[in-house]
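Below are structures written as structure tokens.
You will see two complexes here that share subunit A, one where it goes with subunit B and one where it goes with subunit C.
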Partner chain A sequence: MGGLLDYLPGESIIHRLNPLVKLILSFGLCVSCFLSDSIIFVLSVIVINILLSMMARVFARTLLVFLSLIKFSTLLFIIQILCVRQGEILLNLPLGLYITDKGLMFSLLFISRLIAAAMPLSLTLSVTRVVDIANVLVSKLRLPYKYAFALTAAIRFIPLFSSEMAGIMEAQTARGVDFETKNFLKKIRLLLPLCAPLLISSVRKVEGSAISAELRGFNLRGGSSGYKQYPFKAVDYSALCLCAALVVVSVML
Partner chain B sequence: MLRLDGVHFSYNTEGQGIQDVSFELKSGEFAAIIGENGAGKSTICRLCNGLLKPSSGTVTVAGFDTSNAKTSRIARDVGFLFQNPDRQLCQSTVREEIMFGMGFAGVSEAEERCSEMLELFGLDGKKEPFGLSRGERQLVALASVLAREPGLMILDEPTTGLDYMECTRIMDHITRLNENGTTVLMVSHDMEVVLDYAHRGLVLSGGRLIGDGSVHDIMRDAALLSKASLLPAQIPALAVAIGGRFIDIDRADDMASIVEAEANALAGDSRGEF
Partner chain C sequence: MININGLTFRYVGANADALTDINLRIPDGDFVGIIGPSGAGKTTLTRAINGLVPHHYKGDYYGEVLVDGKDTLKHTPDQLAVSVGSVFQDIESQLVSEIVEDEVLFGLENFSVSSGEIESQMEWALNAAGIPGLRNREIRSLSGGQKQKVAIASIIALRPKIIVLDEPTGELDPLASRRIFETLRELNTQFGVTVVVVEQKIMLLCEFARRLAVLSSVGLAIEGSVTDVLRHIDVLEATGVNIPRVATLAGLLRKKSLFFGEPPINVLGAKAMIENCLRGENTCLD
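This part shows the complex of A and B:
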């Protein structure tokens, strides 16, 4: 199964947008969530993300991302809601804990922002080849290739490390380790020793990739080395205008 | 010891899986699974110790139906050696590494057995596993599996990346284990290793079992091997190639028997008997 950040090929209008515009759009969506204090606006950004993913025909992936974020956010929501002590008490809990109206609103806004800000990243990577992101950063933003490569390599290595970890866990399961325990502390105790093989294999992979890149003329590459052009079209300008409008609205709300 | 009945398995997104595979491995057998890349060899290995559950059909190993049993429980009776030892090693010393698996298997005399393994494989228990050579790391991984004395050993390409001496050392240990009653199921691309060590061959192609017989017979079935994109080992290939002329060598599996047969035939020639 592919990771949540892998590219999904397609011919939708979102796929055909300029990679730089997709990055700006993604950044705009993230920033607007933090500029606005309105929970309605932040929820609207989540809806926009979902609509964009439907347009790009990657809704199933977005749904998976959304559900994963919900799981993670639930934990944060519980911690957050119990930590905020200001406001009117809505519910008293044992051990001197209570939930306040401000705590509830703040926690809801907090996790909504987290979800709304994380979804565009996954969507952008689902509809853009990592190599296009690197090329456009070098050709349009004049970012040195080294840094663009470092960024794209980091993205590319996430699923690799994830698959390596799955392989290591599989090997340990075959040795009799039971990772299915419900005891959280025991699970941590079982997982901790796996950091060593993961780290060592990761360092070996990175070292191998670096040597391989070096041997293929990595340092000779410059801003004009890429043969692919990324011209802006009318649809790109329209997307940028919509993004700018969204950021303005977020400041006003 | 191991039985697969009409086993189907498919991956959700990638890999073709296996279709309708059935075979039985009796205690003490040494079988090799051979086939082209992507034929489903490793999938069968993973099905045999419950890492994968069959989509349909049943896999019974050491009395357990793998669909209902936890892999950690099956692992007490089934040892699994992966192609990449680095995924198995996770402790800071060789001794701890060998002891690691035994702790989960509930072995009481772990210390004693660990010392036996260190001596058997000529390993230094105080060394850090990741600082060893590839062959030595594979030996440590093998020692940690063997220390639990499993009834069935599954070896997924155990000799890949090893030199001749390391390969021989590992395979000789496995052979001794097999002679003492351990059942062995091995995946290998190396036809020479298969011919030298395994007794039975299971040929897979496109996720289906297309051949099951003695390694000796399989190595002489060029059509069957060709279907699985394989070439026979050199000695049987040579034996088949010259077998039409020389008598008694069509079942030769080693160079000495070919030379002997050839010498006999030539001696017969010179006496005018051939």
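This part shows the complex of A and C:
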């Protein structure tokens, strides 16, 4: 899988941070850009994100995420800037549309916030294994293990289902169905009947997985039976302090 | 020790028994292969041993199954899991983690094994399954045979006395299948784990198992040591199992009064048998 949210192994200081601290950090970064109205602050949050990704040596991935967010935001930016009608008109456009100074500032702030808030999530998932996130949620936040297991199982099943779907499509292609058609509606019509076999085989796989988990004592598990420990270290406390400082600054600005 | 006494089972909604009056006794440390045509109830028998029948798969249940002294009717599958570990044919769906280490940890954590013991049990299991080098690998990057060994490691980490496998090599090539059986033999001879395995590759099974139990649609057709069972070609033919050709050959030679020894289980054995016949030696007369 070459998804933008996959784990990238590494040994950097960011990788070694406590998973819970990484979650809190990314949440803090998100919250701070919504608390502040200063575009300079929000832009600096984006810069912080990029710096963190460089420290974690996952800059290439972050750049990809950043570029795809820019693409998406451009569309939102255009819609947003044309919708705000208050403020001084900077530019008149045909069809009675115009761009105002307020609209420009608001839209810029809007998309910078969007980008700044989305990047930490991708960064956290790039440098933390999902199973570590699940374990820490169970051990530190007392999340019931069943929910944590559902989280990791769901992530594990995504590639399984996609290969299952690829298998079904290949079987149909071998019987002469042409999925390469450019006609979107036709493609949908061809794909819809495949949902039933996919659903059935998926349910069967999930059941197999449930039985296998049950036979290995899934129902016996207590809250404190985790083997891996996630102690807080000095670096974790300093990261939390920095995060708190950032949120305080965001409130002041 | 597994004791199956007069077991009859019919799934809810089915119009025929999946198992009919099965009586089977598997002593500790045995290596038993279960064969039979499809629909004979091989999978149901494994489910009856690990308690999925009648706890997970409901139906009409008569008779008694005692696993390590525990009645499977009175103990749930997770209570039985300490005595009996199960490995299934579908390799992908029985694995629940992304990393090999986490997969082995899963059962150990569930059974609240203490942190001190977890490390040694995990190392032992990975070594016994023959995959000590795969501990930190991502499961999706492994081959089918390696994944099946991970499944075996995660089961034996719980130190069950019995391991039940339902067509563990169903999705594997001949070489990987043989490796799985070599691992099972190690477990059986070195660590005394009782192995019960349902398998379609009969030649392979005959080479590794000590005893065979042949199921047919009307019940247990025959049971005994591998060579004993292979001697009863007529019974095997009647049940419709795929008989190894070397055993068929031995049967034909016996009919013609040319050979009376133990039926061979591989091509080398068959070669020796033919050479004996050609020399006119019937040294291993019954």
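Assume the second predicted complex is superposed on the first by the 178 of 253 C-alpha atoms of A that agree within 3 Å, B and C clash if a C-alpha of one lies under 4 Å from a C-alpha of the other, contacts with A are read in each partner's own complex, and residues count from 1 in each chain.
Assume contacts are C-beta pairs under 8 Å (C-beta built on N, C-alpha and C of every residue); 3 or more make two chains touch, one makes a residue touch a chain.
Since we're looking at a predicted model, the values are computed, not measured.
Q: I'd like to know which partner A:Asp178 touches here: subunit B for first, subunit C for second, both or neither.
A: In the superposition, A:Asp178 touches subunit B alone.
Q: By the touch definition at the top of the document, which applies to A:Thr74: first (subunit B), second (subunit C), both, or neither?
A: In the superposition, A:Thr74 touches no partner, neither subunit B nor subunit C.
Q: Of the partners subunit B and subunit C, which touch A:Ser212 in the superposed model: first, second, both, neither?
A: second
Q: Which holds for A:Ser38: it touches subunit B only (first), subunit C only (second), both, or neither?
A: Neither partner.
Q: Is A:Val131 in contact with subunit B, with subunit C, with both, or with neither (first, second, both, neither)?
A: After superposition on chain A, A:Val131 lies in contact with subunit C alone.
Q: Does the superposition put A:Gly167 against subunit B (first), subunit C (second), both, or neither?
A: first
Q: A:Leu194 in the overlay: touching subunit B, subunit C, both, or neither? Say first, second, both or neither.
A: A:Leu194: touches subunit B, not subunit C.
Q: So in the superposed three-chain picture, is A:Leu220 touching just subunit B, just subunit C, both, or none of them (first/second/both/neither)?
A: second
Q: Tell me which partner touches more residues of subunit A in the superposed arrangement, subunit B or subunit C.
A: After superposing on chain A, more of subunit A is contacted by C.
Q: Which stretch or stretches of subunit A touch subunit C in the complex?
A: Those in contact with subunit C are residues 129-131, 149, 152-153, 155-156, 159-160, 204-209, 211-222, 225-228.
Q: Quick one: which bits of subunit C touch subunit A in the complex? Just the residue numbers, please.
A: 50, 52, 56, 77-78, 81, 85-86, 88, 90, 92-99, 102, 105-112, 115, 118, 140, 154-155, 158
Q: In their shared complex, at which residues does subunit A touch subunit B?
A: 1-2, 164, 167-168, 170-178, 180, 193-194, 196-197, 200-201
Q: Quick check: in the complex, which residue numbers of subunit B touch subunit A?
A: Against subunit A, subunit B makes touches at 12-13, 46, 49, 51, 70-72, 75-76, 80, 82, 84, 86-92, 100-101, 104-105, 130, 144-145, 148.
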